[in-house]
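What follows is a structure written as structure tokens; I'll ask about it next.
Per-chain residue numbering starts at 1, and chain names A, B, C and D are given in the order in which the chains are listed.
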Amino acid sequence: MTLRDTVRQIVDGTDTFAGRAFDWSLLALILWSIATFTVETIPDLENATVRFLWYSEVVITALFTVEYAVRIWIAERTWRYVFSFNGLIDLVAVAPFYITLMMGLGAMDLRAARAFRLFRVLQLLKIRRYDRAVARFRRAWVIAREEMVLYLLLTVIMLFLSATGIYYFENAAQPEVFKSIPHSLWWALATLTTVGYGDVYPITVGGRIFTFFVLMVGLGIVAGPAGLIASALAQARREEADRG
Amino acid sequence: MTLRDTVRQIVDGTDTFAGRAFDWSLLALILWSIATFTVETIPDLENATVRFLWYSEVVITALFTVEYAVRIWIAERTWRYVFSFNGLIDLVAVAPFYITLMMGLGAMDLRAARAFRLFRVLQLLKIRRYDRAVARFRRAWVIAREEMVLYLLLTVIMLFLSATGIYYFENAAQPEVFKSIPHSLWWALATLTTVGYGDVYPITVGGRIFTFFVLMVGLGIVAGPAGLIASALAQARREEADRG
Amino acid sequence: MTLRDTVRQIVDGTDTFAGRAFDWSLLALILWSIATFTVETIPDLENATVRFLWYSEVVITALFTVEYAVRIWIAERTWRYVFSFNGLIDLVAVAPFYITLMMGLGAMDLRAARAFRLFRVLQLLKIRRYDRAVARFRRAWVIAREEMVLYLLLTVIMLFLSATGIYYFENAAQPEVFKSIPHSLWWALATLTTVGYGDVYPITVGGRIFTFFVLMVGLGIVAGPAGLIASALAQARREEADRG
Amino acid sequence: MTLRDTVRQIVDGTDTFAGRAFDWSLLALILWSIATFTVETIPDLENATVRFLWYSEVVITALFTVEYAVRIWIAERTWRYVFSFNGLIDLVAVAPFYITLMMGLGAMDLRAARAFRLFRVLQLLKIRRYDRAVARFRRAWVIAREEMVLYLLLTVIMLFLSATGIYYFENAAQPEVFKSIPHSLWWALATLTTVGYGDVYPITVGGRIFTFFVLMVGLGIVAGPAGLIASALAQARREEADRG
């Protein structure tokens, strides 16, 4: 077995101890990268913290760069990897850092590149051990796609009907809160998803009875996709069992 | 192939590029129509905006009118289309505009017709590409109708029992909030659907323990239909696969 | 066909027009009865309204009494009906009214009997047309009972663990809000059921991170029974189809 | 049948009346133990109450100790029981009390041991009559584990993307509320789980439209596991029926 095969086994496989260790290390690195990214946005950080975050970012980028290089090296068909979903994620994880440096921007001024670092969170999907589950989610999406889109359409229709209705019921009683239909849409969204922040709610008897009907019809529509995707996943699992 | 067949293929089909383009254009037009409808309700709009919305409405109505005429022309059985769900929606989308004009109402005074324009949101269901999914939803409704109605009955029963219970627990402590059972129904609705605006909530120990029991029993009832319709959709899909 | 058979067909059946009309009238009567019951609790009602509600109650009770008598008359096995679930509901719907009168209480003083009138809401379950759906719910309950009870146990465990945890995190920062574990249980209930009134919520970083873990584990547990009963209903429907 | 067999039948079985009575007594004892545990945290309890709770704790511990001793006695393989999940729970339920006493701490000063008493809530899972349901839950977990973990990953990704997005939309308008991405994560958690306390919510148009998209995508992800575990439970039940 050549060196390249051994490395491939570690990076792509989960059968060996080294493979699993690589997976866990990568997971830790990604989580650490996300954590530092979010912490950076806290206002009035001390200078020492900012400097630490900068060194941490340099090390993280270096490690991700090595990982990217290794993955190109071990790829059976280089370009296919480079333009695959995983390959692009790996590139986006490191490229902004170098671009910022090359453009002569100050070392500390990573603001512009920061937004791109967010996409590192997508690297969580790269972890090998969930390949089969990811495939099952894709299959479930294919199975339930048409219904999902229809549910989305129904949700949009429901949101508009609810917003228009509540506007006519509540506008007179709360002209500042239910100012217009676009304003009422915010209520419709918070209510139909059952988030219910409590910043807007009907106070008239008519508006509350209307809310009852909206919720009776709307709950089934807005909460539907979760159950649908779950049952599609179950079907995808059955298909897999039938095949294998 | 006659001109009528070609037009039919574009309007009703999704196989050709023109057919898909028509679908997307129609979708854009409907969404634009809904957007302008909601924007009109914003108070204190500038004159220029109001004028723009008026011209936009004229154009939208013209386009929907042409669409309606074309659909009548290509319909294999004219009257069947006119009185079908889609036909009525198409009529309702344009008729109010002309009625308002004919009745000699001022050009800008479309308030009366506005409420009807809302129904254009239902045109979203007309988009051809979801015909199969719509049929599946209808089938799912037939499968689960009896249970859905029973769930609704149970929800109504649950709402009344909860409202009555909380009224007896909280009325003494919060006479202004839990003023009567009809007032308490508003709490029951917000709680059982888990919206929880936060405008009314129990503060006594008894009322909170009662809320625990209400939620334990009620969640399964109120959240049930979403899961039920999802499983009925799965069954409808299986039946389709068995047939096809 | 004897008169008794004809009446039975109307009261118990849904095949004839008269049978369906009876069902709908009964539904209307029950809903009217519930509506007046709740309205009575509104404070400071006008005298005229109170008198109207009293006469309405006399009429409703009379009609329910006639219905009860008819049902006893047409029952094939009288005592079996009297002690059945439906029979007891029918008795509870009228008995308190007569007891109050007999005990010489003032005609208007129905407070004592009022609580029992609430149970008329259960009469909604008596409507014949849902007999099959009710049977399916019973079957679904038998299928999923053990898991439902276990879900309930897990919910109770989850509530206690969450309340204890948040108490240790938040007690120092909000001693008045998270005063003790029983007080924290109220937060746990509102959070795990996703009601989220907003009267209590964590403000410390530790408490918020704890809330994340609580919700990740807890949502699946608290929201589980709804999906479970839905899938048990689907199974009950399949069994029915296999039999019939 | 030896005495040991009889005791075993009572403690482990649910076939006899004594067995069921034991189960119910144990359940009552556990619930009582939890109740006193939570009540103890109420501040400013009267001396009489504190003393009562202390005696109650002594009796509870004594009973749990007897139960532990009996379970060791009747265990077919002593050490296997001692190190089993149930055995460890039983030990943790009593050990802290004795350790506190031996260490010479004041009789009333059980604070240190209190945290461990919380784990008695787990004894609820020990009740024999749910053994089959517990086994089914374990099986359901094995069936759906990969998807559950992927759902968790997607939830984490979704939380971070939402928090970052809302931070950019709302930070300018509400710098004190959406102070940084870690602060915005709290909003993302309360929103995606639909808890919606109402302490933080977007007020800009951009932030509200963003919330719409976040909820449309996020609801299916966060609410998914509940449906998934329910369908996995149904599958576990089918497998059981096929076997038995």
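The rule is simple: a residue touches a chain if its C-beta (ideal position, glycine included) is under 8 Å from a C-beta of that chain, and two chains touch if they have at least 3 such contacts.
Model, not experiment: these values are computed from the prediction.
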Could you classify the chain B-chain C contact as same or different, where same means more than half of all interface residue numbers appear on both copies? different
Chain pair with more C-beta contacts, A-D versus A-C: A-D
When centres are defined as mean Cα positions, the distance from chain A to chain D in whole Å is 28
Starting from the mean Cα coordinates of chain A and chain C, work out the distance between those two points in Å. 40
List, in ascending order, every residue of chain A touching at least 2 other chains. 182, 190, 194-198, 223, 226-227, 230-231
May I ask you to sort the chain touch graph into line, ring, star, complete or other? complete
Which residues of chain A touch chain D in the complex? 34, 37-39, 41-43, 118, 121-122, 124-125, 127, 130, 132-134, 136-137, 148, 152, 155, 182, 186, 189-190, 193-199, 222-223, 225-227, 229-231, 233-234, 237
Counting only contacts in the complex, chain C reaches chain A at residues 194-198, 227, 230
Once bound in the complex, which stretches of chain C touch chain D? 143, 146-147, 149-150, 153, 156-157, 160-161, 163-164, 167, 179-183, 185, 190-191, 194-198, 201, 205, 208, 211-212, 215-216, 219-220, 223-224, 226-228, 230-232, 235
